């Protein structure tokens, strides 16, 4: 490892501003790492529902497959982790999602974690994700903050209040800031909070570095082994190249 | 309800042969219902992995949105239920998946259900689906049968043996035949088995009819309420029409 | 199936008024089906505790065994599903309970269901039933409404308020109206609610029809196979006929 | 407590021989206690299915209500604990079941308990009971022994082999002998086994004594508070006296 | 059993006053039993955190090993059960902890138990202990009371209010008083409460008596079998004697 | 971060050879980090039981407190994570355990992880640890290998066979090598295996680095906040300094 590690950050939505924010947070956290940051080419500008996830999962998958060559790991920078499992199946390098990374990291920092996030409709989806991760017995719940936080000049007060509310009402011992749009804010929020605060983009970056260093190997059997080639039609060239013949 | 109910069957893979088999099984089970049967326009010919699910989820979503008008319910005819949650969010009519329907139906027929299915790599995905459905405490596990069953002239002996093995090794009290490719075979398998056998396509058809009759209403809040319109780019016209502005 | 399906509705309590209400709701929902409606010959006029369940389980069992011949399915119309498992063991036709049917049906309509029901003392029993069904990870809890609702002229406002409270305090995405006494009211409640509303009698009727159509077969081994004949004393003739020799 | 404690043992089946065996085991274990032993007046001679449980639950309930006056506690001596919850609701003295007592006691003696019992059809029912008790994460499973053991001259070798098999195949650290018919045998089985062995009747006797001594009080609200009087028809006099008016 | 049973009570903290209170409560509950009461020789005067548990676990282990000879059972009198598993591994007599005993006993007295205890920081530890016991599905939660209760002249009003709050806010059907410092108060609290109240020291005493009478045997394999002798250095003589050679 | 990170490795047992192996593995994995490696001053030479854990928890706690100053993180290098929670409570720097780290890391690499480890008696303890971590739904179980592996010249073949067996019999998709004694071997085992292999020491090192970089903050309330000073007697000076006054 004489050269710098190269990590690909894929913002699952189409907002270049969010991509930039994610990249800035990653670079501040890991100035010794080289980051490439891209966004999905198509799909929603913000991901906040079940259809959004289906659409951005394929967009994320395609964008990541295309840009992955030359990188050591991929970070899916959307709190719903769209396309994460598919990328792990197809790529040979570690792939992490900011949702899963945040849940796992938080569980080392306290007995019970809550997620502070805007968006009433995503709360059940967060619950499903924590359950899929296997960590529901460690989960305090979702503490909702106002959707307006996303456009706010200064998001810190809203986030700090959210963390305090999670502590008071859900007995949270550690809090995850749920969403790529909060990249770079966790340490400032933690400084004003009674419990550790985990930024989800930050958690994914450190977990990607952890897996890069670990070199644990690649499954050749099971649900994460490389797919067998099969007849596939009408998919984009990069997907076809990784998965399909014929067409 | 003076007219016949109309149900849209969406085969998530691109195999017209599978579509035909699904349609035949549905019509045999419900000759009083009008079925439209279509397949995904793009994606894999058979769905057996995590990338396949991502690709066919969007293909299923698009195909179903396009064909749904004029129908009373939609059946997603793929055991992984790709796109199911997204369709429920967007459409105003009931949408069921053959996986979820089979798990729920089986749980009324015995204390513990197993799934007989080919494909070593899908076993963990079935487990994840049962867990997401909330029924893991009722689940006996996956009993694998040889992949060759899909192309076999006569699939009955393999399925009957699989059911018997699920009973003997997993204490199954009811067995689900996992996969659209087994549509129409469950009753013949049940006739030679010691426990009830649930065909997954058949379960979805009867559950679609159940929900049509129930008329339980539509969520206007929560994670299945209709998505708010938002900036969405580069999606197909039918998706754009349901979800997006701009673009 | 040239003849109409015939479904036996067994009200587990002794109130003929409740039986009538259940029958009316079933007939309105399924005018194409022939319903027989009976009540238990003995036991409590309303079921609201653990002793009530033990008493009415046998009464339901006896009443259903006696009246079952000639029917295609049985609905146990009591939210505690008394005698359900016993009837499934003994009868060759599908048997459903309004509790279990409601939980399973609700889980296709939202991420998290709550139960609106009167009766502080039954809340733990509902929780136990959901856990036995295996669906506790999908359960939001019981939202209590005043007992007076049962005698109220107009129950709709109380039920509508209960649903709203379940949404607000338990993040319910779908609500079950718990109890045979609410038969026939769900659609009207749903019309005034933000989430789908599942009537429990209605859910059982549609699930009975689903199982009738499915013809999934009968267990000949396991805990739902027909009991072996054994010495049984002092039981009613119909129970003796199904289960006992000697006496 | 100058007088001896008096415990009522209710054998839920109608076999006087089993009653006698239960009484003998109880007296050997607690010669300082006065035991009354009765059996159900009606129902099956042996309980091995779901209908049996419904029938014997009411028979147990009636028999126990009738004989309870003058006793300090009641033991329901059937591994399915029929009528247990109902008796707790109605009686003011502690009531324990041999199933629940065995599971709770076993969980103090090892990390993981298995149940050795005859009867393929009861295995799912045992699983359901352990889940209802809340102890499924401590449960290794049911290890089946041949039904013939019930009539065997010498049951010890079969039980000892069953315990050894539970240790070898389910990693059991403690084993419960499931069934009233094994009363009095646990210590002899334990003497030949590598792990602690809990007799279910014995566990219930010691737990009954524990609760007698504890004097923890009686619920006046909740699902175990005394039922409110209500219209009840056609029930036996003792049930009527405890539960009903009118009729 | 011609002689009185002898039970060793080990207060895990160093407070002689607490030891005395525990002993008094035990003797009042079981005047027919001989109790020896000791405290840890070192460690914290009150146990209220994770480091406290580590320190007092070894202190409890050492104190109990030293004093155990001649006794029939050991009670670890600290709600965190420090050293409980280790003592079970090493000693041949039953060992119970006041936490585990209380949870198990409570689960026979109602559908859902809560724990009333002071100390915000111990709430997550109680949750972890209930989960380790396997009873989390029966757990209503921790109801916190003010820390000042420990020094209060009259603790009854605080405890009674705590129980009432657990009933009102957590739907508790039975309440555990969490902590050795409440030994002897449960019956008086129960007398003023709507639900049964379980004192944790009292629960442990009755469970110790239950296990003494049961004589269920000793594991010779598995995680509670006696440790193999191994090289151990720098431990106290009594630990060395039980566990070590060399040194 | 101009200086190298400094991580303290604490081997919980007293074997200097194991300490050396752990240090070598850590340095090979992270040559850019400065490691200090120490072992417990007292307790067992190898940790394989419940008493061992109690003894080594305090020894680990004391050793780590003493050596921690000047370091950026602590790794507890024993698969039972003795003293981990206590150190997190007391120290201001991140503390990780090799057990917990391995479980969390593995869960990013496959759907289901197994643990390969020697020692029949530790299997239940591993199960308890996974449950405490919250990951039991992701756990395939413990695959036992012969105890002799610890002294073996060449451990690779035994470990490789163990991994293969975990895949074949527990459907493991990723395998954890359980124990500090396997430090440094995971990559070589992975090279010969069909699934990713996670070394537990290696996982802890990368997670320690992840938490160092994350800087998520310190709890000032809850079960991981710094203990309040209290009366503590007879403890070692370093413990006294961190926890106690008086004495």
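Before moving on, here are some points about what is shown:
We call the chains A, B, C, D, E and F, going by the order they appear; numbering starts again at 1 in every chain.
Here is the rule we go by: a residue touches a chain if its C-beta (ideal position, glycine included) is under 8 Å from a C-beta of that chain, and two chains touch if they have at least 3 such contacts.
The structure presented is a predicted model; accordingly, all values stated were derived computationally and were not measured.
Think of each touching pair as a link: the shortest run of links from subunit C to subunit F has 2 of them. By residue number, over half of the touching pairs seen at B-F are also found at B-D, the match among A-B, C-D or B-D. Separation between the centroids of subunit A and subunit C, computed from CA atoms only, is 44 Å. Averaging Cα coordinates per chain places subunit B and subunit E 52 Å apart.
For the pair subunit E and subunit F, the distance between mean C-alpha positions equals 29 Å. Across the assembly, subunit D contributes residues 111, 123-125, 128, 131, 136-137, 171, 173, 221-224 that each touch 2 or more other chains.
Each chain pair that touches appears in this list: A-B, A-C, A-E, A-F, B-C, B-D, B-F, C-D, C-E, D-E, D-F, E-F. Touching subunit E in their complex are the following residues of subunit A: 110-112, 137, 171, 173. Interface residues of subunit F facing subunit A in the complex, by the touch rule stated above, are 29-30, 94, 96, 100-101, 104-105, 107-111, 133-138, 167, 171, 173-174, 186-187, 190-191, 193-199, 202-203, 205-207, 209-211, 213-224.
Residues 14, 41-46, 48-55, 57-59, 61, 83, 85-86, 88-90, 120-125, 128, 131-132, 221-225, 227-228, 230-235, 239, 242-244 of subunit A are the ones that touch subunit B when the two sit in their complex.
Every residue of subunit E that touches subunit A in the complex is listed here, in rising order: 123-125, 127-128, 131, 136.
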